[in-house]
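We call the chains A, B, C and D, going by the order they appear; numbering starts again at 1 in every chain.
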Amino acid sequence: MPWDRNQMAERAAQELDDGMYVNLGIGIPTLVANYVGDKDITLQSENGMLGMGPFPYEGEEDPDLINAGKQTITELARTSYFDSATSFGMIRGGKIAAAILGAMEVAENGDLANWMIPGKLVKGMGGAMDLVAGVGRVIVVMDHTNKHGVSKILKRCTLPLTGRGVVDRIITNLGVLDVTHKGLHIQELAPGVTRDEMIAATEATIV
Amino acid sequence: MPWDRNQMAERAAQELDDGMYVNLGIGIPTLVANYVGDKDITLQSENGMLGMGPFPYEGEEDPDLINAGKQTITELARTSYFDSATSFGMIRGGKIAAAILGAMEVAENGDLANWMIPGKLVKGMGGAMDLVAGVGRVIVVMDHTNKHGVSKILKRCTLPLTGRGVVDRIITNLGVLDVTHKGLHIQELAPGVTRDEMIAATEATIV
Amino acid sequence: MGKIYSSAAEALDGLLFDGMLIAAGGFGLCGIPENLISAIREAGTKDLTVASNNAGVDGFGLGVLLESRQVKKMMSSYVGENDEFMRQYLSGELELEFNPQGTLAERMRAGGCGIPGFYTKTGVGTVIADGKEVKQFNNEDYILEEGIFADLSIVKAWKADETGNLIFRKTARNFNPPAAMCGKVCVVEVEEIVPRGTMDGDHIHLPGIYVHRIIQGDHEKRIEQRTTRKREEA
Amino acid sequence: MGKIYSSAAEALDGLLFDGMLIAAGGFGLCGIPENLISAIREAGTKDLTVASNNAGVDGFGLGVLLESRQVKKMMSSYVGENDEFMRQYLSGELELEFNPQGTLAERMRAGGCGIPGFYTKTGVGTVIADGKEVKQFNNEDYILEEGIFADLSIVKAWKADETGNLIFRKTARNFNPPAAMCGKVCVVEVEEIVPRGTMDGDHIHLPGIYVHRIIQGDHEKRIEQRTTRKREEA
């Protein structure tokens, strides 16, 4: 049976090792924080914070303490604050070990599209282009196909790119794929999913 | 009678206005601080401090508190500390209103040489190239001639440059000269010094 | 020092002109110069280009300058919270220059630090690279991004001392320091002005050299996405 | 977190190799990583390139690595305090790359921030510009300077918490943050290690993300130019 959202997040959490500094995107990636267990992970919020804590209790919201999704959050014992130039300096400089992000499309060469659909309202890339260009490891977590059943893992992206050749690993409801210089490689299959099912559901070539 | 060192420093202090952030070089420029009177001047030390205070009393020296000449100093009520990249960011970014510096040679086009003499021991330019390239106004304070009586204000510098076309004003024992796009212009003469004496002591063309 | 002004209007007096470039601090509605934005609305300055990560929301933050049609162009990374923005943008009334968030922050810092251009990997191979110089370092492509040199910076801090030294609070720091750096003139609104000597020099986030005028303001500090968790039963 | 080591030798274990590039914090003898320098001397690593504003004095600071002939090349802005340096340099035993002080600091920060090159006016028209690309912005010449990407950073801070968050003290901050940023690995020596949660997140000068290993050390903190003034009679 393919993984659900929470199982995908749980699987993504296995990518994180003790001591890592990590940036989690919006959506399923946010759920990853629920599955890190005892691992000593420090979450970055790219608006200027390392050591992001959980949402505050009602009545304890602080307008000066939000995450990159503009949600009220809390701090931890390890928390540090800094300005946006410093924050993206550490992103661009490769100090963030991993980013876990959602995507609209990923191509077999590691190209990523997750910020705009031509003809639709364009809201902006925010920090997504900086993250995929800068962090040590880019892990995409998304459904394998869109709501019409069409593969989101393609030979080539059709949407405008967020980054070229940036994705290292893709975690979907069907399993885990690695982007290698030879092409996509199946790393793991969700329980009950066969290699043939994975290949059939994927437009990109799996080697 | 030409100005002595202290009178040159006193004259240089007239260049400073209330509210200015200023960097003073080593030698006569350091003496300028003694003549600012009631003016609200903030001194930068380019190793990472704004609001440099006087030398400490004996026994109160702090090894963590030195100026760019590596001398022990003190802080003031306005003092802020920052790292070297930030410090030179404000220099390069033109936030320092004026630098008052010594020189070996100045040319009529504003070229400045004050960091190396070929064949002699080269100690390095330190922050001098950054300062002359970045600050709002570069004021040179120096003796008009060297110990052999040869003009230090030249048609062209003979020594390796610290900066090209960077000097705005020259204060010497003989008076004050401005570097204009038309050439050097006498702004003021020390008491008893004639225009002809100034011209005779200057290799550069005075217009 | 004469940096302290009694109102936002007074602090902006003589600094505003049609067609100017303003760099604004803030992220979303967090740490935005609310009072200075209102005063620019009152002043009616037109054809503004505003470099700011976001464009406020309808009726608050930079949204009020969009409503009044004072903005000609935004330089931002994300503008999704603002319907009026989208309406003007889609109708061609408003220009928009998208910048990756980190590129925007670094462009502001660069302008403030006298750096007219720098190379970055961010945006290589995307529409962001269109028309920009590409250079290889170590066999990898980088694009040239230019420093932002603003006519005016408008910034929100937590505390200022009389000499303009600033301290920010938590994630309200965000774009405020780089925005402050890149302006020819920088006007700051704070929650509290404290006497000189009451700030530890090691705790100052932005030295007063970057700050030309200061006002103490009232701040609504609106929360954009109020999210909470349940208290566990004791 | 496992960032805390019991000695400088232990903290450097496995990180040193001949021919490596080390970025060192400090200005003169202020805020220098004394203990780490001694441990590198003990380790005997050779052919080092060291990016550091100064080169220490004879017998202290980086001077000890010059004495032991472990340094092949210095990248510095001012080296006037060190006779042994001058002797080796003049005899051709030591390479020297002069960098204007601000260019050196910015090159370190750039390396740490993923910026391989930036343009600056500093040094235009001087020997510093020799062999460097010149580009015009706004009709003015700027030269291209490259980011420094070091194999190792050695840094001195005042306090660290267990997660590596650092606080510096007064002008001992100087080159330490940019040097820390530009290394693949950063080892820090501090005067005091404090428990996590005891530092205010708004007071941290360098977040722990830049810090891989920490030791608490004894520091001589030698003063290079002791200057004082007389107490006025009461």
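Note that a contact is a pair of C-beta atoms (placed from the backbone, for glycine too) under 8 Å apart; a residue touches a chain by one contact, two chains touch by 3 or more.
Remember, it's a predicted structure, so these values are computed and weren't measured experimentally.
Undergrad: For chain A and chain B, what's the span in angstrom between their mean Cα positions?
TA: 54
Undergrad: Starting from the mean Cα coordinates of chain A and chain D, work out the distance between those two points in Å.
TA: 35
Undergrad: Counting in whole Å, what is the centre-to-centre distance of chain B and chain D, each centre being its mean C-alpha position?
TA: Chain B and chain D have C-alpha centres separated by 27 Å.
Undergrad: At which residue positions does chain B touch at least two other chains?
TA: 49, 75, 81-82, 88-89, 91-92, 134
Undergrad: Send over the residues of chain C in touch with two or more other chains.
TA: 106, 109, 113-115, 120-121, 168-170, 173, 201-202, 205
Undergrad: Based on which chains are in contact, what kind of graph results: line, ring, star, complete or other?
TA: Other.
Undergrad: Would you please name all pairs of chains that touch?
TA: A-C, A-D, B-C, B-D, C-D
Undergrad: If you look only at chain B, which of its residues touch chain D in the complex?
TA: 45-49, 54-58, 60-67, 69-73, 75, 81-85, 87-89, 91-92, 111, 121-130, 133-134, 160-165
Undergrad: Given the complex with chain A, which residues does chain D contribute to the contact?
TA: 1-2, 109, 111-115, 161, 163, 165, 181, 196-197, 199, 201-202, 204, 207-210
Undergrad: Help me check something: in the complex, which residues belonging to chain D touch chain C?
TA: Residues in contact with chain C: 106, 110, 113-121, 135, 137-138, 142, 146, 167-170, 173, 201-203, 205.
Undergrad: Quick one: in the complex, what on chain D touches chain B?
TA: 27-31, 53, 76-81, 86, 90, 98, 100-106, 108-109, 120-128, 158, 168-178, 205, 221-231
Undergrad: Spell out the part of chain A that touches chain D in their complex, as residue ranges.
TA: Contacts found on chain A: 18-19, 21, 40, 42, 44, 49-51, 75, 77-82, 88-96, 134.
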